[in-house]
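Letters A, B and C mark the chains in the order given here, with residues in each chain numbered from 1 onward.
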Amino acid sequence: METVVKVDQLTKKFGSFIATNAISFEVKKGEIFGFLGANGAGKTTAMRMLSGLLTPSSGQASVAGFDVATQAELVKQNIGYMSQKFSLYEDLTIQENIDFYGGIYGLSRQEIKDRSNGIVSKFQLASVIHKLVKTIPLGWKQKLAFALALIHKPKVVFLDEPTGGVDPITRRQFWDLIYEAANDGVTIFITTHYMDEAEYCDRVSIMVDGLIKALGTPSELKTSFHVDSMDAVFQLLARGTANKI
Amino acid sequence: MILFALPIALVVIFGYALNNDFKNIPIGILNQSKDQTSVKLIHRIIGSGYFVVEQTLEKTQDIPKAFKSGKVKLVVFFPMSFQQDLYHAKKAQIQFIADASDINTAINTTSYLSGIIGEFNNENGRENSSGIQLSARMIFNQRLLSVYLFIPGVIALILLIISALLTSVTLAREKETGTLELLSISPISPYMIIIGKVIPYLILSLLNSFLIILLGIFVFGLPMVGSVALLILACFVYTIAALSLGILISTRVETQQAAMFASLVTLMMPTMLLSGFIFPIESLPLPLQLISNIIPATHFIILIKSIMIKGAGITLIWKPFFILIAMTAVFILVSIQSLKRNK
Amino acid sequence: MRNILVLVRKEFLQIFRNRQLLPFMTVLPVIQVILLTFAANYEIKNLRLGIWDLDQSTSSSQLIHKFTGAKFFQETDLITNQKKADDLLMQDAIDLVLVIPKDFEKNIKIQNSPPTIQFQINALNNSKAGIVQNYASAITQDFMSELRSNANVSGSVKIIPVTNFWYNPTLNYKTIMLPGIVAEVMTLIIILICALNVVREREIGTIEQLNVTPLKKYEFILGKLIPFWVIGHFIFWAGIALGRLIFHIPMVGSLGLLELFLAVFLFVPLGIGLFISTAVETQQQALFTSFFFIILFILMCGLFTPVETMPDWAQWVNQLNPLKYFVEVNRLILLKGSGITEIYPFILKMFVYGIGINALAIWRFKKTN
């Protein structure tokens, strides 16, 4: 399995504040990698570095084979990104949003048309395709944003707290989509502070104060911390009383 | 805080830079006669101190070029026949060719120059009458200082913009982000909420206005003849009017952007042009004079000028006060109506 | 290239969908321009005259007659003492008090003892006062000349000034003001929407979304500039067209040249708006900063007060005022019919300015921090 994301001693300092402190890990193709941690732990900073939005202070990282510091534009060509705010254009219709992002990623007209049809049929958006985004419910916006992040068939997709503010059923449906994408070979890199979602990932890392305090599959971590939920794992780490046997 | 620095910077810049004083008028001389009289006249003109001879022209074809280059505003033209006409026919023409794309300068310059010619004629006439002396007393503004005109206007403009703009934007932002809804659920009455939002801007605006007035007095020499209490009252009343206008705008728009546009685009230009700030209200066509009356700045400018420059007392200026208070009442009433309807 | 088209299309869609904002950007400014052109003038009419005749002679009546006969003076009040004059002036009920001294008639017939006529002028508005003084002096001069010619004196020499008003023989304020006001309103709107638009996108987060795409910085910027550049054109030409229709503004020179200037000029306010957007955080700050620049530009551009009377340092600063150039170009092309030789320096200056300010804005616009 090829390594799609490779991070080595990645560090980001803002003045004297160290947001991300020499973290290292690898993610393989098709993995669903959960990047967990409390707010302010450094996960958003790490993700922004990996998506080419932030320059590392030191250390290295490569995404889809390109170095994030020196080849940021190439990285961007090969990744998808879904931010917390979804970043859809509320005053454009769904179709217009699709056309827009498709165009930005350099897809041909035909490609846009095909993928647009795909999105419409998959999410059953036929009736609302020409409605303004601001009129559709939050759950649909979420799915649409995810679909747009994948529209150019990137190798890696970064999801930054994608399930904020929706009900549990919608969250579950969203995860179905994530599984689907992973099965198709897309690597999913997801940050969240919902610990139950951690259970859904292939592997997770937990960040505390800029450092990776845990890295492994959910069951591995639960075993080594002698607890039966990821939430408990997190509680232990956050309080700094980790007991590994 | 930028909110202070900006208005003050503006007042200072305008106080020094904006003026329509009659001076430094660039002119050109086209003297095809070159006789004693014409030279004497030219000396007279230069000697008045108001003009600067930027160009000496040789032929009439040069005039368009001079105007197009913008170097001169007027050309004094002594035709070739000047001297002969003067000698033989006892009267000769000189031409003032004015660039009337700047009307005021054109009018003022030609009037003044005509006056010089008139005086010259008087002196050189051998006749029985001794002519008439003219003495002009400029009331309220002996030295015809432009600042008397501009500073009150700038104060009015800046205050209006701060109050109306910021208020409408802030309230609209609360509407947009939904915090207004939050507040309206709380036990505080909606009026209290609005007042609470508005008070900081009230204080800010008042402080700004005092600062600007002080600047006007001590840096620019604006007189302060009337009552300080009245002046403070005037500022207060105007600021409240402007703030209530801001509130009104915010009740009618949905987004911050719209609020900003409404305030800036509908308030700024009309206030500058219709409030008597630069162009006298009497020059406005009637329908615009009517509009001028519903602009708060118009009345405030009258108040400031009356209090500071004329030293007027309350008996003379109760009307603008009353109008401003009435406007405030109307703005607030309409706002309350809008709010009620929205709920 | 294609990316730019995609962006421009999106921008236009958003602009036309924005029901609240659209009228402010299109219809309203045009209306304002028309209305305000009616407003901007110094034409003095309906002046109120007060007459204080201490002589009560035939000559004084003749002089008074000249004043009351003049078209600018409408109302007349009879004044008998200074207090009345003071009161009227204080109430702003009067513009000019004409004081004719005792022995006026006697003294004008005697050589070497000219009587002094006093004008007491309400100078609250100093430019108006200047004009009133001019009118009054002119009327009095007229009176004097008539006296002389009536006296039938031979040997008196007279120089007759003839005034020739070029480019605007009817001294019509509207023709001067309208193009300038159109330029101002357009500039105001362009700076504002450009600044607000970008800051707003940043606040919402759509800029960040674009930052992670392969979209290039210059593509993004052009995608923003082009739609507003088009809107600027619309506002300007709509205003000028209406000015032609309603006010019959002269169009002596080449409109194509004016368009050329406009096309280059627009990049300056666009760049300024863009630059402001990179320098502030919130929409409110964008507003305030834009407002600061706009007011400076509008008041100092030479449309309301002449540029020549500004102190040197102000004129120096004013070099950075794009409106100053536009006002001048308007006059040169529309009124004076200037051609490319006179205009190209302006175009060049705007070109350099445009490139400079936009480069500055782009430099500050970082996709990656």
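Here, a contact is a pair of C-beta atoms (placed from the backbone, for glycine too) under 8 Å apart; a residue touches a chain by one contact, two chains touch by 3 or more.
In this text, all values refer to a predicted model and were calculated from it rather than measured experimentally.
Distance between Cα centroids is largest for the pairing of chain C with A. Per-pair tallies of C-beta contacts place B-C first. Look at where the CA atoms of chain A average out and do the same for chain C: the two points lie 56 Å apart. If each chain is reduced to the centroid of its CA atoms, chain A and chain B end up 59 Å from each other. Chain B and chain C have Cα centroids separated by 11 Å.
By the touch criterion stated above, chain A contacts chain C in their complex at residues 51-55, 72-73, 76-77, 79, 81, 83-87, 89-92, 96, 99-101, 103-106, 132, 158. The residues of chain C lying in touch with chain A in their complex are 2-3, 5-6, 9-10, 13-14, 17-18, 204-206, 208-216, 367-369. The touching residues of chain C, when paired with chain B in their complex, are 20-21, 24-25, 28-29, 32, 35-36, 38-46, 89-92, 107-131, 133-138, 140-141, 143-145, 147-148, 151, 153, 155-169, 171, 173, 176, 181, 184-185, 188-189, 192, 196, 200, 283-285, 287-288, 291-292, 294-296, 298-300, 304-306, 308-311, 314, 317-318, 328, 331-332, 335-336, 338, 342. Chain contact summary for the complex, chain B toward chain C: residues 2-3, 6, 9-10, 13-14, 16-26, 37, 41, 64, 67-70, 86, 90-108, 110-115, 117-118, 120-122, 124-142, 144-146, 148-149, 157, 161, 165-166, 169-170, 173, 253-258, 260-262, 264-266, 268-270, 272-274, 276, 278-280, 282-285, 287-288, 291, 305-306, 309-310, 312, 316.
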